């Protein structure tokens, strides 16, 4: 299938990750792109990466116009939007309306209205609008979901999930442009760590448990006082089938390279998964010993299908990412994702996470009031 | 020195731990006891353990009376109170007033008034009233405190501490008398996991950081619905020198044998300590690699002095406990504790923790309101 | 560049890994193949994978003939040989002589004469003959090599390396064809675990230390007695710049999913790397605390260049493998590999490992005599 | 019971460990001692530790004479010998012959003849002659033994055991008297690391598997060339019921604080135990996931009885040591050790280890010849 990319110019980590993930399984051919806000730089970089001259564009509007008029045999099957957050809505909407399938980076949009509108646009156009919660492509995250769905943990009681890294712990680095924009409302929007990493945590909690967040309470902190937006947050949330969530987020947790860890505790057992060592799940039944389940020993079809290598070989993030692309590919092709499920996070999850961010911000401002994530009203 | 024990009868884990800890360094001779609510059983068990017939008592009042009249040469230097929580106040007060030094199990008392009264009693009698927050006797907890005091972490920003085990996760076991009393207000008081394990976490956070909790907010959950008291709780707190705390407590965290882990993040570095592997500290400076500091490689005098074995040999909980006894011994003898500090947790910390429990209960009832732990009023 | 593959038919793990690795960086286009001993199956599978009809061949001779006559513009830049071990020599030699660059799976050949002949052939043709010791493509293996080369460990004294998995521990599975051939001299040759995994260990020890094995002694065991070839082996070896090696190999080590761990100890420090968690190096200077060096924090240019993702994201085996392809690509293109070195293991290392296997077999037969790996005579 | 100590003067780690271990369970009262080669210093230190003036001796002969004439009611029940290795034989023999039970530090003697003679002396006097292989007192080592005895691992195939620390890795420290004597044959005897730590490994392998070493081959290295005795060694051995052993020993393994790890692989499963984290066993059945068995969840009576604390609390080396004392105490009192077994390592194991050391030295000198550990002849 033919694939296009918007954003992800020279030096962009996420752009390179998308290009590797899209081609890892040989399912997508990189065919068009508008890679940079600097039109000339974007065109040059696209050609360097092998794009045809006439499909390496200076901006997304030019790309939209030209690609829309391609004959069916050359038409892009999927467009990935990896631009700054504030532009996601406009670009995604435009490509959906022009009949393209889209994979949008998270956060989906800057506000709830835009998110809802994209849900409606996806529905009305019948096009795929996926959102890149890429961690949910890890085979052992999929295994955790399958175990919970199969009742191996019993009723889920408590989810303790954290995403706490130390990348922004250096106060001397706070004025570094690479860091500063993240705490500047003008650029980052209403939230920093919740919008940036909290959405991964909540999406993963929903993904693994099969439950949806219905309300939450949040405490925000600015541990480096000059920051306008939070760099550490603590949330409690409730899920629709009875689970409760405890979520800790931080960007000042020195010593934790990545720090995304999910623990789920149910009436029959508990499990633990850590993104830094993603090939293992720790699983314990009530009264039993902890078992280390290796990726290659996973039993559920969805996770087996999501795996590329035999046991003992670490697979890593690029495969998780490639699983999102594979899921979209299967859906475009009319098939199912790995294990018979959708196979990728879609626009509804993107919108749920936008709501969660707004609920958390409201709660934090209102001294920890519980907020309904659907209505965004205090409960 | 001569040592007496109240409570800790046959089958009591904590009683055996006190006896081992008290004699581990050869500093205390077990000389008198009232070990059981069943007077005959208590007397028999005391003799079996080597007490003289006339110093193995049927109850603590009998012991108090008889030991108070002993000549100076035979007089007990320290009495440990390891009875049910509701009796701590009465017994501790009586022994202090009779001129004995006391080590009381936690929680110190059932309410704030009693705790304040014991503080006053200790002050007026000039006797030691220690409280057994035994984990703070671990050498690497002491090392963490010394590192932070020496500025190695810079200003402490965030403390993330959790004590989450799975011992009460089995709903089928909920009616087991060994478990049930913990969730019954008539027996356990106003709180379960906060009073039982939360106090260890907050005391340790205070101990390591050298800061005092000033206010907190709490979310309580009853993940097994039949329980009247909380079996899972999430707290945020503020400390007097600017740190913020995130605290997760649980008794339904299947797969975590003990689950007491403290992480402290400061402007210069972060550290991590886990009670299950207490001989190591993970320490990371901002921008640096994580270092695993082994107990035997600790540098600060207080932790070096608290250590018995060379590097590589695990020391364990009994040594931590013995350090509390050693600290009290040194203070009774007129010296200082290890490293020139007090060397044991005292009545003021016990009272602070009683306040924290009450503040958490109030916050949880008031939908997460922030409560001043000193006034117990909303802030 | 255009790439061809011989072997790696449907269901082959290694074939799929090669295809992913070759395309991961977008450097090679899969252009021709002879994928299966069953000619029809191989042709069909190749087409399914996107090969042109006339470049999906029934066997390697057919492929050699046709591809040799392609015009320069269509000519394959690299051919990978992933066929059964006994065929490596013939195929590799034929393609080298026809002017193709070759990446051959390990073990390079079944005997020393063939290995030497391939060295000579590579030299005389001027073509690349790489050998797929793929683990040496891991960024942190490259970092270890760079650290040792920079003197950070001082003089290397002892290398303790093991590759001990439990995949063949089940005696009931011993007749399983997937397992049995490995212990049958008619199919596997003179050695099982040394030839299969021992060569990875010794190659990695050479790679990290920059030293060459000069002599060794070996103990072979058949812990499942029906096996003709060893399933557990212990080796000591000497390196040319003074290091000594301790090597343990096993296929019956139940509980170790992969079990490839290398520890290097020098006069200034020691390090540890484990393939199961390949993104970390544990490094300790003499008298210092152990540091956990994360992949993303590696400092040496060669490992930085070998890395795709930021710190905290696991990269995995496919990236290691892709680094081998990238190194070959750079060399074909006239550039250098990552960090200015060759960038891939070449035929000389393949030949060294064939010698090491033969030396180990001879030693094991001769009750542990020390064997010179260059002359294969007792020393 | 009354207990005496020879050696273990001021500053001695092992002396302090013995004193703590002997009193930890309150079973032995420290009643007599000859603690130092400097008679006055020894007497003074003994009194400081609470010995009566007339039972704190200047040397062991004085102690032997005086204690031998004590009336039965004051007589020592056990004497621990913790003097330099070369004196073990003479002192132990003298006390056994005088009718005392003895716990001797390892290595039991400097040569085989002395070891055999102590076996004979213990038999003829009917006194206990225990040898302090203290690590075999760890509850999870006992659990491992019980699991293997119960057939949970099936037939033991391979034992991989290592004891490799970095305490003597610093060449600059080689002339430090605390280190130098260990590599000086005049003081340390015929072997360094094998005699010092290798005996712990082999005794533990025997203890866990219930099998006896019958022959071995050894490679010795002097990684710091100035050393006369080995600082790194690799052994293979055979056991009497079919297991084979792989043993790596080192004193230059920088980064490993202690480095004593035992892995046992059988036809049904494998296990792993590490002294640095002694409260856990990793156990895997063939085809199953690895389970982490916590000390407090051990099932076999012998290990349950050897445990003092509930699950999740680390116990440590002093409890392991105390278990040896408890086992001796039970035997003296006519009872059985924990779990119905002897409960402590005895003189026969001490003698077996002396033979193993001599066999290893002979093998290393004879280029790795296999040596029968019973006859010390090549096989």
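For clarity, chains are labelled A, B, C and D in written order, and residue numbers in each chain start from 1.
We take it that contacts are C-beta pairs under 8 Å (C-beta built on N, C-alpha and C of every residue); 3 or more make two chains touch, one makes a residue touch a chain.
Quick caveat, the model's predicted, so the values are computed rather than measured.
Separation of subunit B from subunit D in touch steps, taking the shortest path, is 1.
Of all chains, the one whose Cα centroid sits at the greatest distance from that of subunit B is C.
Centre-to-centre separation between subunit A and subunit D, using Cα means, comes to 55 Å. Chain geometry summary: the mean Cα position of subunit A and that of subunit B are 42 Å apart. Averaged C-alpha coordinates put the centre of subunit A at 35 Å from the centre of subunit C.
Counting partner chains per residue, subunit C has residues 256, 283, 290, 294, 297 touching two or more of them. If you check the complex, the residues on subunit D that touch subunit C are 157-158, 160, 162, 164, 166, 169-171, 217, 219, 221, 223-224, 232, 234, 236, 244, 246, 248, 250, 252-256, 263, 265-267, 269-272, 282-287, 290, 367-370.
Contact residues of subunit D toward subunit A in the complex are 283, 289-294, 297. Residues of subunit B that touch subunit D in their complex: 13, 16-17, 19-20, 23-26, 30, 49-50, 165, 257-259, 275-279, 294, 296-297, 308-319.
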